[in-house]
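Going in written order, the chains are labelled A, B, C, D, E and F, and every chain counts its residues from 1.
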């Protein structure tokens, strides 16, 4: 099966990192193509960034329709342009936020989403409404670190993920933690072990669910919300 | 007060029509500038169209920051890019869907949104969740007419608006009807009189609410969801 | 346009104050009549007070039907008797709580209502359900001051509004503050500036929305919840 | 135990009928006083009627505080002034709507409320939100009969209750029917037998629950929503 | 009236205690039979325990169908097997959790459930969804005591109930406390007096509601969720 | 990876059929063990059946803890004893209802669950609340066929699935259909093609998601709702 992973930002470092991580966990019968989105912002941290990323990302998806991809993964936790991508594509399209939140809701009573800074909290809460999962939400909690800080300071990042996850468990009743930023991914296993809960890396979760859905031969319903636009 | 009305599609006919209608109801102390969005689709009928319209619309808004506008109205019922526009703008930004749905919820127990075709119903339902007004929703009902048909066949359009509004009142308990497409606007008063309910034209409602909010000196909260992005 | 503002309590001081404030912001083409409600309690601080205020207020509204008012504003944050007033009146009737909560929900992701004492919190929460806006609620927070203290101690009041608003922003994620008591109105602008959020004075908001809706020629739907009673 | 049953309207016929029915089912250790509300409307069919009934009803309750009543039942399905009555009274106060809706929600997955005419449906829906039971609601269905018709035409009334209840079961999934008007009470048992569901007469249900709560020695919480007003 | 009270665990001590308490408050015309469930766990503290208790409890209920019981009360706060019991029984079946939560929601704006340890909190939250009462929930709060500790340390238990109830009132806005464990029952009156709120002992509440519903001649609806299984 | 599929009923025919279907779609690196539940009912059509199936099923799970299974799938659409099974098991445990409903909610705006007879509808609605997915629900629709009829009459079954699915799409806005009974599974692809929507066979979906989650190395959170019971 051929899966196109689109990193909706333009960062080649992040794309390379994503390729390494996903290649490490993909099935042997999975062919991965991992690409950045030229023309998109280097990081997606606002509704403006989402809009800016969506247009070149949709170009990639239109081009992909003429190629031989069985599925497309949008690998940014904002799920930018997910609905539009599903309209345009003839293939299965998954966003890493929607997919990982559903898996989180399957594996525990309530989940907490970790985000970077407090300014991102309301946008995450809106996204959880967009996916109709607010009844499973324990909380959205910020690390208090920017994308740049997360990349530059691994120890401080690890410390913060551990500290904030513990607060989510103790004060909000979280049973599952969703790491709402690519830079947080590497720290999942340690926190999981230490706190005795589940910690999800959305990109990894989505690749695996994508392989599963391709085995089943399903894609998004093309009747209704994701119908192919007439023109 | 100077209000910039952006028609997020590229149609100059619609823009001209909008200018005529809004000029007819604006206050004397209101200066209106009504512009189309060059580079946007001619009509906005899908999530893809929303994405395509948002980028050139945001350009207009960035430019507007250097001009002397006190408020900006996005005059398409999909409220395309409303969140991004509010991030970018230093002025009050209103979308005609959000504004008219809140006014509808003020004026009756439950409202029905009329949309064009049945394929638009799920997107409208999602928008109503986006604005957290689902408890005030009676129904979303399609006219079964395309934008082109609405423009070309006024009698059939009027007949359908009347017929579907009556069904919304009798079967869904609607007390207010929101005309979810610019082409439906001219028929509000007749249906209102005939059915004894309130029928709202979102552009008109939003212009008036905009003038009111400018008098008050408020704009969207710039702390949180609509905070100005750092870069 | 002729707008009758009914202060649903009997206090002439509050009524005079309200007249001054609203006169200062009304449009030049607006004729305001601001009256107290004789026979109502001096302040409205309980469900009993609401009931006591409603009867003489409805008398004023019945009388207004024979006069030349285009709209009526009920200027008490409990919106006492709003549904009954809308049944009785032939004119547009607005309550300052319902109107300002909808405007608050338009301008930010979530709002906090400031009330006087902790004993009023559950009644405010019930009101927010009455208006179906609980999904937009950040919190109801008491100042810990009685109406009398708010009137007598402006400095302490200002200090408390600032302090409690800051807590609402930092702990509850409020992006908009609604000042749920007439005596708090004068302090809006300072807090707004200091905290970088929106602070709404419900009476002022409602006067402006009222002018806007009169321009549009709409009133509450008279089919359904607000239908004129048969007798 | 002494229970004061207040019929919040002024009809002595209804009051007499209520006295007969409740006396027939009361416990031997229950002393019932059933009184009409002088000065209230003859029937309560609007928010205005609710307001008009509340004031003289509250007078009865204040007077009752000086007498020897252990509980008060407000025997009108609108539960007029329930919150105010609970503030004022030192005794347990129950409304027949709130009480019977909770019992309905205990006895089946979803309930339907029968009301008189379609114009009452939105007010009933609002009441169900007031009592936070909307998740247990199957539907509110009108009989299409006025209070006068219900009293004058018993056969037509019985026929309509049967027909509408059957629709509620078959189309809305109702498992319990709540008879939302005193005049419907006599027909409960027959419909219950015929349809194999539960049909509740709110006055009867509430008298029995009232006796039960008096045995327990509880009343409404006087901390919070129902706190005794300071003055 | 003959009421069978089934203690769904196998503890004869708890059963004896329950018999004493309920006998002390039953009506003189009520015949109580209080039995433990042989073969059930000694205490019910997990979903496994619920499953284990349900089978022998259903046996008791099937046997009861051949005896002369008018109602059955399941006297464990988890309401184990309530839906199955209602399917099987020809009599009224009440669970002490569902019944007391509805009474709690009647008597105050929001209620708090006290449970034993923090590990039980999510199961209680799930139960409150099962009964569709989440809008009336203030919080679920653990005492931090095991069943064994509650039995062995009455003073510490009383102290914890008082302390945690106070936090529920002050921090969560609770107006009613539901004692979510049989061992907590004896302390209700003192806390009630001290905090000025309502504190409910679920077994006692349910016995009284059961007597009331038997007087009315109703049981659970046997159409729909609780229909008698075909075989 | 070793996956134990437990058919929670005792039917060897169903178990054999399930083994054939799942073996046909499993990955080559998946070892499947598919077993019936001795001592469970032959079919699970009530809350009683759920209870009866749970005990012997939990026995299988306890035994499985001593064997070498990486995951357990409960292959009955009622998800009987899912919470208890997750408490007891050291392995990942998935129920086919919860898993397929989450996948349905990922792939379309709203889903419809097909069930056998109308008497099962309320239990399915309760299950959807149990999994907190009611906001994604279009409807639960019965086929009007018993398990026996579904097995004996394939043509009538196919015809009913097609007819009812079409109604779900046209009247309820369903974009995804979930086949809520094992006997319906074989008809998914045809209906899918004909109606242009997604039709999910829960067992197949769950096997694939299970393989995906095992690749990820996650299981249900063992902190909170699914914590291992102390004894």
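By definition in this document, a contact is a pair of C-beta atoms (placed from the backbone, for glycine too) under 8 Å apart; a residue touches a chain by one contact, two chains touch by 3 or more.
Note that the structure is predicted; figures quoted are calculated from it, not measured.
The chains in contact with chain B as well as with chain D are C, F. Compared with chain A, the chain whose C-alpha mean position is the greatest distance off is D. Of all chains, the one whose mean C-alpha position sits at the greatest distance from that of chain C is F. Remark: chain D and chain F have CA centroids separated by 43 Å (rounded to whole angstrom). Once the centre of each chain is set as its mean CA position, chain E and chain F turn out to be 31 Å apart. Distance from the chain A centre to the chain D centre is 52 Å, each centre being the mean of its Cα atoms. The residues of chain E that reach two or more other chains are 109-110, 121-122, 126, 129, 132, 135, 173, 175, 224-225, listed in rising order.
Interface note: chains touch in the pairs A-B, A-C, A-E, A-F, B-C, B-D, B-F, C-D, C-E, D-E, D-F, E-F.
Interface of chain D with chain C (complex): residues 45-52, 54-55, 58, 81, 83-84, 86-88, 119, 121-123, 126, 129-130, 132, 224-225, 227, 229-230.
Across the complex, chain F meets chain A through its residues 25, 27, 94, 98-99, 102-103, 105-110, 131-136, 169, 173, 175-176, 195-198, 200, 204-205, 208-209, 211-213, 215-216, 218-226. Across the interface of their complex, chain F is touched by residues 121-122, 125-126, 129 of chain B. Contacts from chain F toward chain B in the complex involve residues 109-110, 135, 173, 175.
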